[in-house]
Structures are given as C-alpha cells and as structure tokens.
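Read from first to last, the chains carry the letters A, B, C, D, E and F; within each, the first residue is number 1.
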C-alpha cells in the first residue's frame, strides 16, 4: 500500500511535469511508471534520483544492458519486488533474452551461496588478490 | 580466522588433488586460492561447488566477464570481503578495466539506494511490468 | 498468509488479555494490532517482546519519535512490509510529518548506497575515526 | 575497533558483576567473553539481553545444540564475524562436530541460493503451502 | 507475478518429467510445487538444483528436520516469502511442531538482534574463540 | 585492502581539490577522510555523491544529528564497518552522547529482531495501518 499520493502524469505541477516529459523523451515512451509518480511527491528526491539514474545508467565503460542486469542482480539479492519487475522489464527492452535472465538468476543464486560459504568458513583473503599500488 | 584446516595444493588426497588440478588447468593457473583449500576440508562440498561454478560461470547466453561482474554486484551488496576480492581479481583477469569497476560500483550503489526508496514508499508494481503468459 | 492462528482481543486467556490491556492503556488506544495477536500464540514471546519494546522505545537519551524513525530506517533496509507500515503509522502518531518521512527515506536510500561504495571499494577505516579509551 | 570501553570481569560494579557471575555459573566457565563486557557498558542492555538469551536459548521444544546451529545460520547469512565465531565455539561446546558444521554451512549456502531463485523468478506461493485455520 | 511460464507436471518434456517424477517419488507425494515448475523453464538449473537439494538435505551428520529448520532460519532472515512457506510446510511434514516453529522464530529474532549489537559496537573476537590448527 | 589508489588531499588535480576544499570548509575541518580520497579515483562519483550528501544530510524537516543516527542505523543493519565508524564519529561531532549511541543500538537490535518475527510469522498488515488517499 503506497505511502504517499502518487502524482499523475499530465496532472503535475510544471516543475514535475518537466521531469516526467524528460523521462518520456529519454525513454522514447509515452507513459511514466509508478517509481517516478511516487518520487514526484518529494520534488528534491525526484530531481536528484533522475539526475543520478541518467548519469549512472548511461553508456560508458559498461553498456546499458549490462548495467540493467547488474541492477537486477542487486534487486534480487535485496528482494525488492518493485525493482525486480521494473528492471527486468527495462533489461528486456534493451535486449535481454529469457535465456540471459535465467543465466543471470543462476549466477545471482550461486554468488549468494558462495558468499555464505566464504563468510561461514571465515576464509582469509589470498595475498595475491590484494590490490597493490606503488 | 578460518574455521577449518585448509588443504594445501600438493598435499591433498588424490580425490581432492584431482579437483585442484582440474581447477588449475581450467584457469591456466599454477596455484589454488583459499576458497578451494577451505572447501577441500569437506569433499562433497568441494565437488559440488566446483561442478556448479563450472556450469554456471561458463560462456552461455551471458559472457564470462559479465557473469563475474554480476558476482561482484552480489558480493558487494552482501558485503562478502573474500568474494569481493576474489571476483574483482577474476573479473580483471577477464578484461574488466578500472573504469568498468568504478561504473559497476556506481550502479550497485544506486540500485541499493532505489531498492530502499521502492520498499520504503511501498511502491505498487505497474501493470505494464507484470509478465504475461498465455 | 499468517503462520499461526491469531489470538483476538477480548477472546484471549487472562494472562494474554492482561498484556493486551496493558498495551491498549500504554498506547491510549482501543485496539490491538496483528503483531501482538500473532505473538500471543506464543505467550513467552508475547511477554518478552512487550517488555523489550516498553523498555527500549521509552523516552530516554533519545526521544520516542526519533526511536520510531530509527525503527523505520531498519525496517526499510530489511524490507519488512509489516514493520514499515506499523512503524510509519506509529511515527505519524508521534508527530512525524510527510516531509519528515520523505527526508528519512532519502537518508535511508543514500546510506544504503554509500554502504556499498564503502564495501565495494574496501575503504580502510581512518585512524581518526577509531575510538580511543585510556 | 570497539565503540565503548569494555567492563572487565572482576573490575565491574556490583550490579554488573552479579550478571557476570551468573553467566559464568550458567556456563560452568571461569571467563566472560567480549560480548558481555561490551554490553556491560550499558547496564539496561546487559540485563535485558542476558535475560533474553537465558530464556530463548534454554532447552524447550528445540534442544540447545540445534538452537546454537540456528544462531550460526542467521549469523552467517548476516555476515556477523563476532557471532559466527562465538556461536560456532558455543555449538562445539554443546557437541557440534566438524562434519555437522560443514553440513550446516552447506545448507545455509543452498538456502541463500534458492531464496534468490525464488525471489528472482517471483515464484507464487502454492495454495497447499498456505496455513489454514478454522 | 512469476517471471517465466511454469512447466506443468504431466505436460513436460520427457527430460523434465523425469525430474518431476523423481521428486514425487523421493517425497512420496503426488504433486509438484511451483519452485520446480518454475525452474523447469531452465532445464540446467532444474537438474543442478535438484541434485544439490538431494545431496545437501539428505540425512548425514545433521538430520533432515534440523536441516529444514536451518533453511527456515535463513529464509526468514532474508525475508523470502516463498521459501518461508515451502520450508515451514516441509519441516512440519518432517515433524516440526507448532511449539518448535515458535521457538525457532524466537531464536532467529534474537540472533538478528545480537548480530547488530555485535556489529554496532564493533565487538572484537575473543582470542579463545579463534580456531587453532597445528 | 582498498581497491583503488586513493587521491591525497593537496596532491589532487584542481577539479578534485576543489571538492576536497569544499568538504573541508563545509565541515570546518582541515582533513579529508578516506571515503572521499577513494571516490576521488572516479571524479563523476566524487561529484555526484558529494552533491547528494550535501543535499540529503542538510537541515530540513529532520535535523542533521537525527539524520546521522539514521545513517548509523542503516550501516549497522548492513554491517558496513567503514560507515559505522565514520557516521558514529560524525554523529558525536554533532552532539550524540554515549548514552544516545547505546539507546540507538538497542533500537536497531530490537527492530532487526521484530522484523524477523513479522516475516517469520508472515504477519498480515492491519487495515488501519494502510495509508488512505482520496
């Protein structure tokens, strides 16, 4: 049950509608998902998070599809239902196939398993793994 | 402080040494990291995890470097020091640059942030995000 | 789907009803929320948790509203839907405004982000931050 | 780096020393571990947690060794280094063998893995699994 | 909302149906729960996880009921709704009583609490707790 | 073992040194902690996180000390050693007493406990707790 009243696309104050319009343009989409409608209830957060997402998810040394898959890996580990759905949809829009999703989830599962084996056995970090800087 | 006595490469029983040798061959490497030396204290786990890693981390619909980066994303979210070090080293061996690591960590950070915004506001999943199957 | 049969207010054994009555008196309220109705299925837990909550959430060096907000911060980080709802309601009863909730969630989001940046980069704790005791 | 000055056994105020003595008697031990020396810096917490541990970890429908193993399972999942060490030691004192520890960690690892498969695929709970109460 | 189309028992390809049949035989049951129907969408994962579960959950140094309770402890800590339901049902099938479930949850709750006290106070691991190997 | 080479205060490129100088001025401090020296290895992250912290941690509907305590609550729940140390130091600078820290940790502990009781029992959210918007 959402904690605040969502701001609807088309019924927002100009400052908020401008962000909605920018999101739609950037995504070549004609609708706004609930994430932004909720954040619009707190304009400073709306502006900050949209600026952050634009910067961090942009193509760079890592391509946007891989970034979406990293997002899914985190969201599954944290069990964020909203984020699992929204970023799986986003990754599919960027070309993630069903087989890729299944392999992604297999990796996420195994990483969560071996994280606990490493912690449970209190494995010492190998000297060779420690970064060296002169 | 490791919880069990590690089994050293070269001083292992034949059944274990065979796994060590296979790991070294597969990785074109001449040493065994602590993860495997610790698991070797419990041969069923050693065999099972090595078989799992071989299958899940192999090239498939997702390439091995991307799989390593997904592993890092999970390990950072869970704060597994051993796994962060070992998989960052593995990813670098497979071609991850410093800039890629930094972008990866930026995505992991933001995903952890927005996961909590979605949870904290109890955002409802958009109908459009829900998968449909006929 | 709740795991045990809830004990209803007014239909409880005397020992349990006494706790229910104390909760209602303490909260100046005429109803019991599900948290307590569920715990009443295990009287030792009901008694222990109520005694704990009374002690830990009481005014002290930190005021009760701030304590409720700390509770929300933990519950959002852990993604406990029940606790997010119940402690947001409790905090509002104690004076938390909508703007305070939104700022709280912004802080929780950013803390979850920077926690992963610190872990992912394996940042060393500064000497100046380490407490000293003579 | 511990956040408060620990209270040493033998150098504590009478109220605290009484708890220390009770802990030593209950454990048939002649020393106090750091967990209690730290909590002794805040007497209400010391009293509350000791009363809680005495009640919750006592023999009941579940035996004390199994309770210690459950404690380890949680501590490994949360990656609490102190708790992993202290409860592994406690479990060994109560009869946990090395083979039991290794099987425990295997279960904890797999549970963490399948938790993420269930979350990642957003598996719906089977009707048959939902508890029914008349 | 499940992310893939589930494979129904009786309507599966022979390779998958063989696993379903093995699961039903092993469990002396005539139905397949959603966990397996979902994993069947990715046969390598279905085979791997079933082999893993068979091995790890088998009677060994720890009995199957205790293993199910460890599974619940992890699933509750991670808040995996599906896993909490499925493993609570499995544990009840293996003899877990309601009182055992309630004590289990009490231990899980307290372990999660003391994990944070240990972390928050940054408690140093006692020398006596550190395993020694000659 | 830090993953990148830290950028030292006084030896940074002008663009980075400008951020360092702004941090020192804002904090009325003459040194830079490792968090910023590490992020300086990735200037976009340094700029973005500093802008975020400035905005989110500023006085608003919630005062800066309470925001620091919320930060600690999250960091303890996630077990981020660096963040626990740095934000405990920051909170003390802003007036958090030892008694406040101890009460904070007590609340964080109990919240982590009751989060798991709510999840483990799968408690249903009370209708009265669900926000209503007309």
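Everything that follows uses one rule, which is that a contact is a pair of C-beta atoms (placed from the backbone, for glycine too) under 8 Å apart; a residue touches a chain by one contact, two chains touch by 3 or more.
Please read all numbers here as calculations on a predicted model, not as lab measurements.
Asks: Give the fewest steps needed to get from chain B to chain F, where each step moves from one chain to a chain it touches.
Replies: Minimum step count, chain B to chain F: 1.
Asks: Among A-F, B-F or E-F, where does the D-F interface recur, judging by over half of the contact pairs matching in residue number?
Replies: The pair repeating the interface of D-F is B-F.
Asks: Looking at A-B and B-E, which pair shares more C-beta contacts?
Replies: Ranking A-B and B-E by C-beta contacts puts A-B first.
Asks: Pick same or different for copies chain B and chain C, depending on whether their interface residues overlap by over half.
Replies: same
Asks: Between chain A and chain E, what distance separates the C-alpha centroids? Give it in angstrom.
Replies: The separation of the two C-alpha centroids amounts to 28 Å.
Asks: In angstrom, rounded to a whole number, how far apart do the mean CA points of chain C and chain D lie?
Replies: Using C-alpha averages as centres, the distance is 21 Å.
Asks: Whole-Å distance, chain A centre to chain D centre, using C-alpha means?
Replies: For chain A versus chain D, the centre distance works out to 34 Å.
Asks: Please output the residue numbers of chain B that touch at least 2 other chains, ranges allowed.
Replies: Answer for chain B, listing residues that touch two or more other chains: 1-4, 44-45, 48, 52, 56, 77-81, 84-85, 88, 99, 102, 104-106, 108, 110, 112-115, 117, 119-122, 125, 130.
Asks: Is the chain-to-chain touch network here best called a line, a ring, a star, complete, or other?
Replies: Contact pattern: complete, every chain touching every other.
Asks: Under the touch definition given earlier, write down the residues of chain A that touch chain C in their complex.
Replies: 1, 3-4, 41-42, 44-45, 48, 78-80
Asks: Quick check on the complex: what are the chain A residues that touch chain D?
Replies: 72, 76-77, 79, 81, 84-85, 104-105, 108-110, 112-117, 119-122
Asks: In the complex formed with chain D, which residues of chain F make contact?
Replies: Counting only chain F, the residues touching chain D are 79, 84-85, 88, 98-99, 101-102, 105-106.
Asks: For the complex, which residues does chain C have touching chain F?
Replies: For this pair, the touching residues of chain C are 1-4, 31, 33-35, 38-39, 45, 49, 52-53, 56-57, 60-62, 66-67, 69-71, 73-75, 77-78, 80-83, 85-89, 97, 99-100, 102-104, 106-108, 110-115, 117-126, 128-130.
Asks: Which stretch or stretches of chain A touch chain F in the complex?
Replies: On the chain A side, the touching residues are 1-5, 44, 48, 52, 55-56, 125, 130-131, 133.
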